[in-house]
Structure formats: structure tokens, C-alpha cells
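Okay, got some structures for you below.
The two complexes that follow have chain A in common; it is paired with chain B in the first and with chain C in the second.
For the complex of A and B:
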């Protein structure tokens, strides 16, 4: 399949700070997840492929044409930025139609497209409310609506699920997935693996401005599963619980946290570990208050990939 | 993964440049200005000076009638380029223009910065040049209403009231002077306003800057002049430089005994500097973490 987006040795730095380094890749139609921790270079990459910023080195092609300063080509792209980008005093309707004006549609077509976009994101009923009265989820959906209102072939979404509640997340994920079968190219960035996993199997793993891996998400998943996990347990007797854990083979390390009554356990088999906790808790009469995973799994994978 | 073509048809045609891609930005800027509560009061009031000067033109043509009504004490009123200069380059109109740009221009870029809207503009088929053109056109629209439009209305009304082309034939260059001065003062205020608007995300702060720098420059001129008695310090004042060049454009004696070219150079240098800063400030959002 012919790539829609193609980059060659794309590099960008901000003074001494490296934004992106020597990225050469091809992206085909479908949903592609850009995965990486905060500050990895995801936003820089997305801004470069949408022609908003100039690379220091390298070129980006959209549909075989250079994107930089090729303004008519921008009509093919719908961009949903990470940060809120609204004129709060406008209504949702005015915001969408105002941006559609920049595409020079006739008033009738503009209204029609705005209506369709707002229908897709389920904001028709709230279209006449000012944006500042919108909830976080509604604002995210409105941002999505402005990205798709001109029916672009390439949709670029920078952290579209940031700060959303589970219901809001589900709605946005459903919207993004609905684009899957339409032959469009959708690029979604996130630093949370399960978010990307819910949308696509194709991912690009980016870290410290470099592409670490590109391909099937299962590969990344496997890396996470085989990599040690740190689990924090807050309980009534952490020392007693620790003495039980150290007898297990899949427990690699046990530490006492500075937080009160909290135990940090490193394990290479999360499933076995979690299944053990209830029985130990009952057997030793230990009250477990809280179980969390303080380590970012994705970060662990990156550390693993860079050989830390 | 297999991608099935369902509803979307790829389009491989050639896009053509739109004629006025900046127009939606201008339209929105003008519309937004008229939404401001105080502007609705200020806008009609800003034309009172023009109406007053227009009345002067009418009176100048009916001076004999007025003399018969009020006696010979009615002063004579000469409509000539000096009259136009008094209106267009006068301190009061400059003050009105300043208030006008505060209303229409202070938020032009600062609001976009505040709302992170630059990425919304620049991810669309819109050049940076068109963005600036769109923003500038908002200021041009309002300032031409105070300069170019009244200037031409005065010329036309003078001829209508007089019932002859004598005035035009006496000063055939006057329309060009009106155009030149309007363009100069509008260009300066456009750069001045957009430059300051790009410096901060707060519209209020920008408004204070617009006001403060304008009057601050005049205060500075006065302080230096009082201390050193050197007219070259008038180059520090925005209004003095505009009035200096304005006087030359209308073929009048300059208000300060220094060469007008220096004032023009100061204004031009400011515009170039402002343009340079604007280019640096208004660009794709770059995030450094």
C-alpha cells in the first residue's frame, strides 16, 4: 500500500534541546498510534508532519508532496492539538463555522459540515452554548470536531484522551475507531499504552526524539509483560506481608516505602502476584488498603529498550 | 492490517490558491470588535470630530449668511491643506485613533496566543502572510474610517457645497496627500498595535502598553526638551514624528525645526523592528519540555 505520510531523516531541535532525531518512516492508511512518555517528541513529530513547524533537517511528504509551505495540502489534514485551543467566548457552533471559513466553503456547505461534525461528536444539543461552559470532555470532543469538520483524509490527534473521564474516553475512542474503516489515515498520540491499544494495533514507539520501534502493539505488550513491575501496597502490616512475598520466585525485590505502611514489590509476573495477595491477606489477617503501580509501564519498556 | 475503502474517497486533484484567504480573519476581527459593549458607544462618538470639521467646511461656504446673521464678528474660515492637516494630523484625532486600535487591535494576536489558536490557524491552508494580512486589515478598516474616508468626504463635500471644482483644481495633489498620510499613519499604528499585541497573552496588558508607550514617548520628549532644549528629542515621541511627517505630506510647516526625514526614518525603523519581532513571535507552537 502506498504510504500517505513519509518522512526522511526528520530532525528538529530547540536550541540545545533535541525534539526529534533522524526519523525516517512511512505511514499507511489506517490508525497509527504514536506512543511515548511525556517529552518524548510526539507533539514535535505531529507538528512536523502537519507542516506547522520547520524541521532543521529532513523532509516530510504527504501524499508524495512536501508538506512544508505547501498550504493547499493542509486541506487534507485535520489537526487536533494537545492543549486547549478555543475562543472561550464563542459558542461551539461559532467556533466550528469560524474555522471552516478558513477553508472557504460556501455558507450553506459550511453550516452543513459544521452540523455533521457536531453530530459525530454528539454536541449538537450544546452547540449554542459558549465554550467556557463546556466540560472537559465536551471541549475535547469539540477539538475533535474542528479537526474532522472539513472531512480531511489525514487526521492527526495529539493526546486526544488527556484529562478525560472513562465515559469521555470511550466516546473519543469510539469516534477514532469509526475512522478506521474509511480509508483515512489517523495518527493518535498518547503516553498511555492501553489507550492506544484500545484504538489500534499499529504503533510507533518514540522516546527521547528517536523512533524505538514501529509495528505491532503485541510486541510492546510482550515486552511489558516480561519486564519487572513495581507494585505499591498499603496495608496494616507491611513487614509481615513482605516476609511472605520474599518466599515467592516471581518476587524479585521488596522495599519499604517512605510513605506510612507501604510496601514496594518488584515482580516479573504481575498476574501471579495479584492472585497471591488475597490469600496472603486472609491467611495473615492483613488489611490491604490500596494497591497501585507507581512505575509507568511504558517507561519501563523504554528503559528496557535502551538497556538501562 | 487491511484497510477497507468504505465511505471516504481519496481526492487527487490540484488545490488552487484562494483569492483572499485572509478575509475570514478580518471579518471575524471586525465582528468581534463590534461585539464590545463600550465600542458600541465609542464608535459613533469617534466620528464627532469629522462631523465638526465637515460642519466647518459647510460654514466656510455659507460664511456670508452667517455674517448677516451674527455680524462681522464671525471669523473667516479657510479650507485649504492646512485645514486637512489640522484634522488628520491633529493630536485629538491621533488620540481617537489610539483608542480605536485599543478596541480593535489589542486582542488581535494576544487573544490567539492566550487561546493557543495559532496552531488552529497554521494547521489550515493559511499562510503566515495571510494571517498578518487578515489581522492588519482589521486595523486598516477602522483607521481608514477615521482618516481616508473623512479626508475624501471633506474634499467631495467641499466641492458640493461650493458647487464647483475650484477647490480641487487649486489643490489637485490633496487627494494623494490624504491617501499618503492615511496609509502612513495606518501602517504605523498597524505595526505598533500588532507588535504590542504579540508580546503578551493579556489583552488588557496590551491595551495598557499601547496607551502607555504612546503617551510615555510624548512625556519623554517633553522631559528631555525641558532639560536640554533640543528639538531632536521630538524624535522620541510617536505623535511628534507622525505630525512632523504629516505636515510635510500636506505641504505645511513642520511643527519642530528638525528634518522630517529623521521622523520618517524613526517611524520606518520602528515598523521594520515590529515586523521582525512579529515574524519571530507568530509561528507554529513549539513545545520544549
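For the complex of A and C:
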């Protein structure tokens, strides 16, 4: 598939502070999550690919064309900024139609598109209220609405779930997932792993201005074969089981959990470890009640990659 | 002109019109506009007080047009248009920065210079309307006894045009200042009530470094009266040169503001 967004050796610094360093990427249609802690360079990257700031080194192409100062390209891009900022004295409707006016639509088309966008984000009933009376969740949805109102091929969302309650998060996640259809490209940034996980498996890990890894979660797991995993086992005799595990070379650490009869084992080879459990259990007559992997998510991968 | 460049120009003009409409609408209903409407109406209140005072006073009434002329210089030219131009001109760029709303504009298919020019035009139109309303009301109140003297309306028209030129020029200058510095209001106040109010009284060609000099060159110097000291030492430029200089200053500062706004990177502060 042809990449929609391409960056070549993209670097950006603010005075002495490094914002982004030598980022070369190709982004294809679908949802791509940009993941990294605060200050990692996510917003800088998104601002660079939307042409809001210029790189010190490198180039960014959208649909094969340089983005910087190429304002006609913005017809294809919808951007939802991180900051909770609006033209507060306007109503939701005026905000959306006003920004659509800047896309040079006729009044009828503006109304039509604004109506559709507000329907998608479920704000039609509140469209005539001034924005400053909106809740945080409504404001986030309004930001999303202005990003999609002109039906862009590329939607860039900077921390769209920030400050939302669980219900608000679910709504936005649902909106983002539903928007990726029809070959659109959605880029969404977050510093919270489960948020990204809920939206996509295609991720870019970014830290200290550098790309740590890119691909889907399985690809990233393959990249880090030695990534230690913690496995929790609830059984009838955790002490006996622990004494058996400790002899194995792929077991790095064994701890007793605060939970009753629960053992926490750290291993660098999950496959070997799991194949060992049944034989040990039978041999020592230990009843295993439950096996869970508390760190079997992106957080573990991410923490490992950034050397936490 | 080729078809391609005509198309580009037409697209640019459409962008200008769209930005203008957006900010004219938003500016019209803003709280700031309500506040400045009240401020711009102050001379009307003063005119009303003068008229009431004249009505109940036994002293010989001073001609309404004489008071109006002085009011144009003292209250409008030397105070109100500076305040309006300062607060609206600097806000063309700074309110987008402070409100962190610049992103919504710069991610639209519009040239950055069109954003700046469209917003400048919208705000300048609004403050010209504000000023024209105040000036016209003051004129009618002060000349209540002489409203059938149609020659006076020429004076009203002239003053409205001169004040509008002043607003166009000062707003352009302050728009430039707003794009270049963060503390633009402080600089603007120093410029308005320091430089502009002092340099125009300097003898010789020094006074030509003040915008107020060219504006005052378009108004007749008062012959006598208490306020004549405000025109003291004015060595007016010819009217055509004055208009040319006002327009030149406007174009130069707007051009610089456009270049700067398009080139400069605006980073929001957390």
C-alpha cells in the first residue's frame, strides 16, 4: 500500500531542546497510534506532519507533496489539537460552520457538513450553546468534529482522550475507530497505552524525540525476544513450586505476591516456562488454580523499551 | 496574467473574504467589542453634557462645530483611535497565540498572509464603524441647532475619513507589532502616548516621523481657542503627500506583518 505520510530524517529542536531526532517513517491508511510519555516528541511530530512548524532537518510529504507552506494540502487534513482551546464566545454550530467557511464551502454546504459532523459526535442538541458552557467531554468531541467536518483523508489527533472520563473516552474511541473506514488515515497520539491499544494495533513508539519501534504489537514483541515477562500463578503450594522454578535458567526472579497462595515469576522465555508448569504440577502434586500475565500488554513492552 | 495566476489570485481573494467574514462575525459579537463600544461612546456622553450645559448656561454658546473640531482632534485622533487600533491591531496575532486558537486557522487551506490580512481588515472595519457611530452622534448632538446647515456635513465626512485613515494606518502598525513581540500592548502604549504625542510637536522635519502629523495635516489648524496649543508648531505636509504617506505606512507595515507571520514559528506556551 502506498504511504500517505512520509517523513525523511525529520529533526526539530527548540533552542537547545531536542524535539525530534532523525525520524524517517512511512504511514499507510488505517489508524496509527503514536505512543510515548509526555515530552517524548509526539506533538512535535504531529505539528511537523501537519506543516505547523518547520523541521530543522528533513522533509515531510503528504500524498507525495511537501507539506510546509503548501496550504492547499490542508484540504486533505483534519487536525485535532491537544490544547483545550476554542473561540469560546461562539456556539458549537458557529464554531464548526465558521471553520468550514475557511474551506470555501457555500453556505448550504457548510450547514450540511456541520450538521453531519455534529451528528457524528452527538452534539446536535447542544449546537446552539456557547462553547464555554460545554463540558470537557463535549469540547473534546467538538474538536474532533471540526477535524472531520470537511471529510479529510487524513485525520491527525493529538491526545484526543486527555482529561476525559471513562464514558467520554469510550465515545471518542468509538468515533475514531468508526472514522478509519473508506481508506482514511488516522494518526492518534497518547501517552496512555491502553488508550492506544483500544484503538489500534499499529503503533509507533516514540521517546526522547526518537522512534523506538514501529509496527503492530506482535512485531514489536518479536523485536524484544528477551523482554522479561512477569507471570502470576495461584496454586496450592507456592513455596514448593517456587523451589522448582528457581533452578531453571530462564527464570530470572521469583516472588511471593501479597495475594494468598500466589507466586510471581519473572521469565525471559515464556514458551519454555508455560510448557514446564504442567509437568511440575503433576510431579509435585500441586494444584494450579490460575495463571495470569499482569504485564502482558503494551505498557510492559513500552517500559522495557524505554529502559524503565 | 496567466490563467493559473488568475486562479491563484481568485483563490487568495476568496480566502481573504472568508477570513474577513469569519472574524467580522466573531468580532461583532465579542465582549471586547461591547467594551470598546462603551469606550467609543464616551465622547458622545461628553458632547451631551456640553450641550445640556450650554442649554442651561447663561454664557454665550460656543459654536457646536468648533467644539466638534476640537473633539475630533483631542478625543478621537489623539486618544480613541490610538486605543482602538492598539487593542485590535495587536490582537490580530496575539489573541490567537494567547487563546491557542492559531492552530484552527493555520491548518486550513488558506495562506497565512490571507489569515492576517483578512483578520486585519475585519477588525479595522469594526473599529471604523465604532468610531464613525461615535463621531456622527457627537456631531449631531453638538450641532443640534444647526442641522440644516449642509456645509457642516462636509466637515463630518472629512473627519470620519481622516479618522478612518488613522485607524487603517495605526492598526496596520500595531498588527505588525503584535506579530513581532509578545508584550506588544506595553510597547503600543509607549508608542501611542509617548512617541506619537510628543514627536508631532517637534519643529522641522522630525514631526514627520509621527503618523499623527500626517493625520493632522488633513485637518485645518484651529485659528484660536483653548485647544489651539494642540496644533502648536504643526508644520503640515501637503494633503496629497499626507494621504500618500499614510497609505505607504499602512502597506509597508502590513507587508512586513504578512512576511513575518508567514515565516515565524509560533509555539504555544504551556
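In the analysis below, the second predicted complex is superposed on the first by the 219 of 308 C-alpha atoms of A that agree within 3 Å, B and C clash if a C-alpha of one lies under 4 Å from a C-alpha of the other, contacts with A are read in each partner's own complex, and residues count from 1 in each chain.
What we mean here is this: a contact is a pair of C-beta atoms (placed from the backbone, for glycine too) under 8 Å apart; a residue touches a chain by one contact, two chains touch by 3 or more.
Since this is a predicted model, take the numbers as computed values, not measurements.
Applying the stated clash criterion after superposition on chain A shows that chain B and chain C collide. Number of chain A residues touched is higher for B, counting chain B against chain C.
In the superposed model, A:29 lies in contact with chain B only, and not with chain C. By the touch criterion stated above, A:71 is placed in contact with chain B and with chain C alike. When the shared chain is aligned, no partner comes close enough to touch A:278: not chain B, not chain C. Applying the stated contact rule after C-alpha superposition, one finds that A:102 touches each of chain B and chain C.
Applying the stated contact rule after C-alpha superposition, one finds that A:194 touches neither chain B nor chain C. Of the two partner chains, chain B is the only one touched by A:183; chain C is not. After superposition on chain A, the stretch of chain B whose C-alpha atoms clash with chain C is 55-63, while the remaining options among 55-63, 73-81 or 163-171 stay clear.
Counting contacts by the rule stated earlier, residues 14, 50-54, 69, 71-75, 77, 79, 81, 83, 85-88, 98-99, 101-104, 146 of chain A appear in both its interface with chain B and its interface with chain C. For chain A in complex with chain B, the touching residues are 1, 14-15, 17, 19, 28-30, 38-39, 43-44, 47, 50-54, 63, 69, 71-77, 79, 81, 83-88, 98-99, 101-104, 146, 151, 153, 180-184, 201-202. On chain B, the positions that touch chain A within their shared complex are 1, 3-8, 10-12, 14-18, 21, 24-25, 27-28, 111, 115-117, 119-127, 283-289.
Only residues 11, 14-15, 18-19, 21-22, 25-26, 29-31, 99-101, 103-112, 262, 265, 267-268 of chain C touch chain A when the two sit together in their complex. On the chain A side of its complex with chain C, the touching residues are 14, 50-54, 69, 71-75, 77-79, 81, 83, 85-90, 94, 98-99, 101-104, 146.
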